[in-house]
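Structure below; questions to follow.
Order of writing sets the labels: A, B, C, D and E. Residues in every chain begin at 1.
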Amino acid sequence: MKQIKLDSIQSLFKALSATRTLYLPVDTPAGADFKKYEDGVLWSGALNPNRSAKDFFFPQTENMVDFKVEGKTIEIIEPTRPDEDFVVFGVRACDARSFELLDKVFLCDPVDTYYQNRREHGVIVTVCCNKPAETCFCTNFGIDPTAPGGDVACWQDDDTLYLQANTKAGEALLNSVADVLAEADDSAADSVKETVKAIMAKLPIQNLDLSAFTEDNLLNLFGSEQWKKLSEACLGCGTCTFVCPTCQCYDIKDFDTGHGIKRFRCWDSCMYSEFTRCAHGNPRLSQVERFRQRFMHKLVYFPANNNGDFSCVGCGRCLAKCPISMNIVKVIKALGGANK
Amino acid sequence: MQEAMIKRAKELLTDGTVNRVLGWQKGGVAYDATPAVFDSAEALEQGFVYDDFTAANLSKYLVKETKNEGKVLVFLKPCDTYSLNQLTKEHRVNRDNVYVIGVGCDGKADVEKLRAQGMDGILGITAEGDNFVVETLYGNKTVAKADVLAERCVVCKSRKLMTYDEILGEDGEVIDSNRFDMVEQLENMTSDQRYAFWQNELSRCIRCNACRNVCPACTCEKCVFDNVNSGVANTAAADSFEEKLFHVIRAFHVAGRCTDCGECSRVCPQGIPLHLLNRKFIKDINELYGEYQAGEDTDSRGPLTNFTYDDCEPSIVHERGVE
Amino acid sequence: MSVQETLIPKLGVVTDVRIDTPDVKTFRVNALDGGKVFDHMPGQCAMLSIPGVGEAMFSITSSPTNTEFMEFSIKKCGCLTNWLHQMEEGQQITIRGPYGNGFPVETEFKGKDMVFVAGGIGLAPLRSVINYVRDNRQNYGTVDIVYGSRSMEDLVDYKEIIDVWCKEEGINVYLTIDREQEGWDGHVGFVPNYVKELGFDTNKTVIICGPPIMIKFTLAGLIELGFDKTQVYTTMELKMKCGVGKCGRCNIGAKYVCKDGPVFRCDQLDEMPNEY
Amino acid sequence: MQVEKKEFKPTIVAFCCNWCSYAGADLSGTNRLNYPANVKIIRVPCSCRVNPMFVLRAFQRGADGVIICGCHPGDCHYTTGNYYARRRMTLLFSMLDFLGIERDRTRLEWVSAAEGAKFAATMNDFVETVTKLGENKRLEDLRCKKQ
Amino acid sequence: MQRIGVFVCWCGSNIAGTVDVHKVAEALKSEPGVVISTQYQYMCSEAGQTLIKDAIRDHKLTGIVVCSCSPRMHEATFRKTAAAAGLNPYMVEIANIREQCSWIHKDMEVGTEKAIILGRAAIAKVHLNAPLVAGESPVVKRALVIGGGIAGIQTALDIADAGFPVDIVETKPTIGGKMAQIDKTFPTLDCAACILTPKMVDAAQHEKINIYAYSEVAEVKGFVGNFSVKIKQKARMVDTTKCTGCGLCVEKCPMKKVPNEFNLGMDKRSAIYIPFAQAVPKVATIDPTACIKMKTGKCGLCATVCEAGAIDYTQQDSFIEEKYGAIVVATGYNPINLDKYDEFAYNQSPDVITSLEFERLTNAAGPTAGKLLRPSDGKHPHTLVFVQCVGSRCDVANEKGKSYCSKICCMYTAKHAMLCREKYPDTDVYVFYIDVRTPGKNFDEFYRRAVEEYGVHYIKGMVGKVAPQADGTLLVQGSDLIEGEQLKIKADLVVLAAAIEPDKSARPLATMLTASMDTNDFFTEAHPKLRPVESPTAGVFLSGCCQGPKDIPETVSQASGAAAKVIGLLVKDSLTCNPCVAHSNELMCNGCSACEKVCPYGAISYEDKEFRMPDRTTAIRRVASVNPAVCQGCGACTVACPSGAMDLNGFSNSQIMAEVDAICK
């Protein structure tokens, strides 16, 4: 385990950003956001940035391919893939887990090379949460915020940041900045972990009953009467989807620039009325169906295809951000016990 | 207030004046009530909540609700009644199918402001006089309500109910507020500064459409931005241009109709002060075409569907600007 | 271009355009240097696109046994298909695939007596299987084809049906149209009723493709005749974007039509939510 | 060595009302009054037909300046169209200014069918103003930039 | 995808001189959808048009672009060419490469480059053109004239003489209007009644004219060529078919204290009355507010004396619905109310009167039988002061008055002053004026005669105060701006030239007609110069003072002008509608009324329509629909509509954006 004093943490950031681009949570007038590190940029102590870290691997919009159309002929121009190495610092355990879930989608056959490319270029440095919020419920999904994962995991006490590499990439990263780090005892972060565990035990959203969310119960849950009431106030916006670290639906669109066609993909939301609309009609006509799709996907469909792993990491963003305060926890509570 | 509301709602349900009630369903934490329709006294007893955090403007739900059978009871704050009037004026809401109980209001709290004051891990909030006692994972704290009022309530334009069938609590007055201060501040900046300001704000937009979908003026059957045939449809703001396009056009479409209810900024997950765009239009309209408050009535002509022969020319933008 | 680049299309060129019905055209597509753009199995689909206009999933109408070209029978129904219908020979298009599971022609279907039931443009995906079965005749039992459309003019591939399928030994073709029409002396009536009238042997394997309402009633009729849902297959169609089960919009329950479908056995459909 | 900078020629989109300004533009042609070729005219039935979306669209696609020309107040072929246009464009221009976009990139002018000279002069002046401003950077869509 | 043909015109050397037409044609060849691109010396020539027609047929073109002169020049030509070749005429777009390119540029390279871009924009647009078919709507061959003054009468007569039936709706019991109250007319000084009453009789006897007197327009529906109007016939309590106008009832009526509105209240009439001797229709009317029978149920004397049995106390208002192809508004004017003009003591002294009252005082059929007598004591006045511009030409800030010039006052005051001096040489006549405006045939001569021959004292200056004196005279204090002195005149009679304003019935009528008005409630004309007798609302025409202050000759000429326009409309069996009109996509329409509010023609209406929703439920929604016969295609509604449901044929959102794209690329 390595360590560095918090008051000299800028030297770590400088060192990290010397060879690659460093992104870290930075305070803005409205919450924290991941930003590129430049001299003097301060690391936000906020628990979680507004947007999840999925942006780094699955950005909001991404150019896929260009075309030139002339008369009857078409030319396909593959864009250059970004090849910059980068570090994302300050990822929490929940977001770190989300990459595992996204990997299941994007890296399964056939591999999504855009995502893969970014994954290969990025190193994730997680930091143990030391001030969990009331909206946190990651433990329900077997996530241990004191073992935050990523390539390098960090823990932070009052004056020191402890760093431990979890992967080869993580080791290489730490080696590259060894100059600014000091050795630390492997148990140095234990007291931090204990403190955090004690807080975690007090969190209000614990022991959610997820037992009903099984593939066997799929049709039963799908047909539940509760959806209508739960979705009643849903505005059909994409806030929950876009702040969610595991939502990965996307749209592919063409944009005519006037001198060529750019085909790009961008985030899309199953909450949008247009999501499934096509020339023949729309299988999900009302918000009830769209709302149900999102939560059924997270709690039933995804697990059915992925060994029972739920597509939620309990980061709590949707709890904090939903304009009408409807969220997955309320859905779980409404459907969990009653619909077994 | 909550008790009085439940009591009155039950009465109106019982005497058949209404067959359902639009209000708020209690949530898991102190600040996360969800708008909901209650159709029985029991449901009201169990879940109806009204407190300092039930901030949502329920008037937009009436677009859908008034299409259903029977009358719906709705509780509206003064600012929400402006929205209802505007919706009535535009024939989006059938006023005859609504029973409005106007609820006096002295401002709603913003949980983000609590968080900004360092209150992490909020487990419970109790109102005690002018203060909130906030129970958190990290100990109890007390904060003055006035310090955590939502921005729109700090600069509240009116506490007067514009339309109602009855009132609970006290009706207030139109307030000579300083809601345009921030707009003015921006106006007084240099063009470069303004550009930097908005570039920074709008670049955070994730095009979740929350501002649009919550807006009581945005009730289009089909938004131009969702309509593939409109030529401007886009699901994501692909670059800084599309961010601006979306917000400018949206603000323009609600110009003269926006009642400044502030919902757009309340719901923005990225904390973008979108209300400033709307307020800029309101301020311009007031200054150039005479004071106009959308939602004050149900029959006046909006400033963009009106004109006078001696309106100013667009060159006014040059004349009054700084630089 | 690496093989894994599933989202980046390849170029194809339209080498022949055939007008099938007033609103269906069949396009022959070749790679730019001749031959096929890629190989596929019957029932699989491909994403066709005109850059700037749109991209959409179409089932490949030609049989894999056709080694020279691919064919797509496309009905005019939206922006992209309207555009495609304006195409002339020599027009390049982009194409990616193949996508989906296809029919189990090499497993479940092997040695089975086959009944194909199609309505309207629903013949398009079946034509691929039918011709595959014809070209590997020794592997399959009897072949019955029930095909119906609104009118005579709306029968897709009428020429091939009459000139080839009808004349081939061991293949029974039953055509029907919805309403009486001058010049038509064949059967008149809806497909589901016709299937019931014909009353097939219940050990056969049935593939249905057509409008949802037709599928529904044909299936009901078959069950009345004593068929089991495990003997009946159909193909689905939903809005698709990526074609590889990642963009998240073509799912029916936990299944993605683009990846886990489009071919489903009817008993599988019962396990899926009714959202299609 | 100093690289000679290519002279900046702005792209100007002019929306002209069919009854006055478009005819004014025709007249300036008839009178052989010069104005730069960067100005391209789009004919609309009335200045009130100009949707703010068209203005933004022009900037997105690479215009450096957008000018809308209509009948003089009181002379609208449709009696009131230009009054609505005036309000709409005033508010739009003010909003663009509020966002920090150079206010000289947009303009509304009243040009009658008889004012061929005014049309040419207006265009000359507008082109000059926009040329001074340089390329439109603040309301551009990078994707549409010519490589 | 369209199959587009591009035709580049040389226009001799007009275009080819500065634009390399070959290069343009060549460059446009590679644009999407272009199947042929060619050039020719004169596209508008017979040979050029043949070239286009052949190309349309040979290449199965679905759209053409002609790069030539201004569309204002030859768009119609090429549309006809296209139509002749079987192509919808609205599938033609013109790229203006002459007026807007070759003629303003000198450099060949620059011109050519621009021409190519303009061509591209036209191609981009024509891709999105849709074939349009001009609709037709039938014309009801009947006109309605609202108002039975000289304007209405003249309009009706002219239309009727052309053979079309006309209805006149007049709110008073008789037609005739203001002119019937006037004594003499300037500048010829002929008697108003002598020239008006024959016209009234003509109108009454014309077989094509039907007069609804004592009636009002209650409702207007429909549009040009096809209006449906509900007319309210107020109850007269007299059966007009029976009444002979003998006047016996009037004579016998015991209630004789009703202020006589025809004489502006300067004398009294009975409860049952005929406004004046030459009234048309000459039938009696019972004033229900004065009639003893109507108020108390007792009396009934008129019924007893009426030999024709025309009196019917039970008569109710009745409604008639009629269809019209055209409507002429001739609602006229009134002098403004002078209650607020305390400085002129109008309300304090009966001897301060308006000019119209003066007309009655000098009229032989008036309250004084034509003798000029002071209303207060019936004595002959010796000193008369005329005050001009009372309520006219005021500052906008002045809430009492009008900002405009009432136009007729200078002349009628000259007339009054002159008549006064002529009949009563013993009078002193003063006229206070700001300016004397005499722009009219023989007007200035007339005015000069008043000054020079008749010795009327014209004083440039305004009267500040009129103060009634104890001795019954009026002390007029005014300033003489020329002499620079304050004047005090002891007058016996003061005559105020009150401003005139549109009749109060005009505003609600304008709303019914969706015709626009200016801030003074005068109807606006479709074009101030070129269409002065038409309202912007198609099928609605303007006659007389409802459009602005006018004198009689001007009114009559406008009346005939409006009649000519109406006749021009009614001779058509049907109207061809401009197909480039707005249309609303009902599925997207919010029903918010924004479009309706900005439509200058009232072409947009709303209806509650039942829609089948995709989920098979039905919903009733309020949606806009555009009447293509009324819409003129300005496009104001398309921008007011936030959802984009409203679009304009020929200039659709997507078409204009495609042009923008093509120009900017």
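Following the convention adopted for this analysis, a contact is a pair of C-beta atoms (placed from the backbone, for glycine too) under 8 Å apart; a residue touches a chain by one contact, two chains touch by 3 or more.
Bear in mind the structure is a predicted one, so any value in this text is a computation, not a measurement.
Once chain B is excluded from the assembly, the chains that remain, linked only through touching, form one piece. The set of chains touching chain C and also touching chain E is given as A. When every chain is reduced to the mean of its CA atoms, the largest separation from chain D belongs to C.
Distance from the centre of chain B peaks at C, each centre being the average of the chain's Cα atoms. The centroid of the Cα atoms in chain A and the matching centroid in chain E are 68 Å apart. Averaged C-alpha coordinates give centres for chain C and chain D that are 53 Å from one another.
One simple way to say how far apart two chains are is to compare their mean CA positions; for chain D and chain E this gives 35 Å. With each centre defined as the average position of its C-alpha atoms, the distance from chain B to chain E rounds to 45 Å. Of all residues in chain A, those that touch two or more other chains are 69, 251, 255-256, 258-259, 268. In chain B, the residues touching two or more other chains are 224, 231, 238-239, 304-306, 309.
Chain contacts: chain C has residues 79 touching two or more partner chains. By the touch rule above, chain D contacts chain B in their complex via residues 52-53, 56-57, 59-60, 73-74, 80, 83-84, 86-104, 106-108, 138-143.
For chain A in complex with chain C, the touching residues are 64-65, 67, 69, 72-74, 76, 78, 105-106, 110-114, 215, 218-219, 222-223, 248-252, 254, 256, 261, 263, 265, 268, 270, 275-280, 283-284, 289, 293, 296-297, 300-302, 304-305. For chain D in complex with chain A, the residues that touch the partner chain are 61-62, 141, 143-144, 146-147. For chain E in complex with chain B, the residues that touch the partner chain are 519, 587-594, 597-598, 606, 619, 621-622, 640, 642-645, 653-654, 657. Against chain D, the residues of chain A that register as touching in their complex are 255, 257-259, 262.
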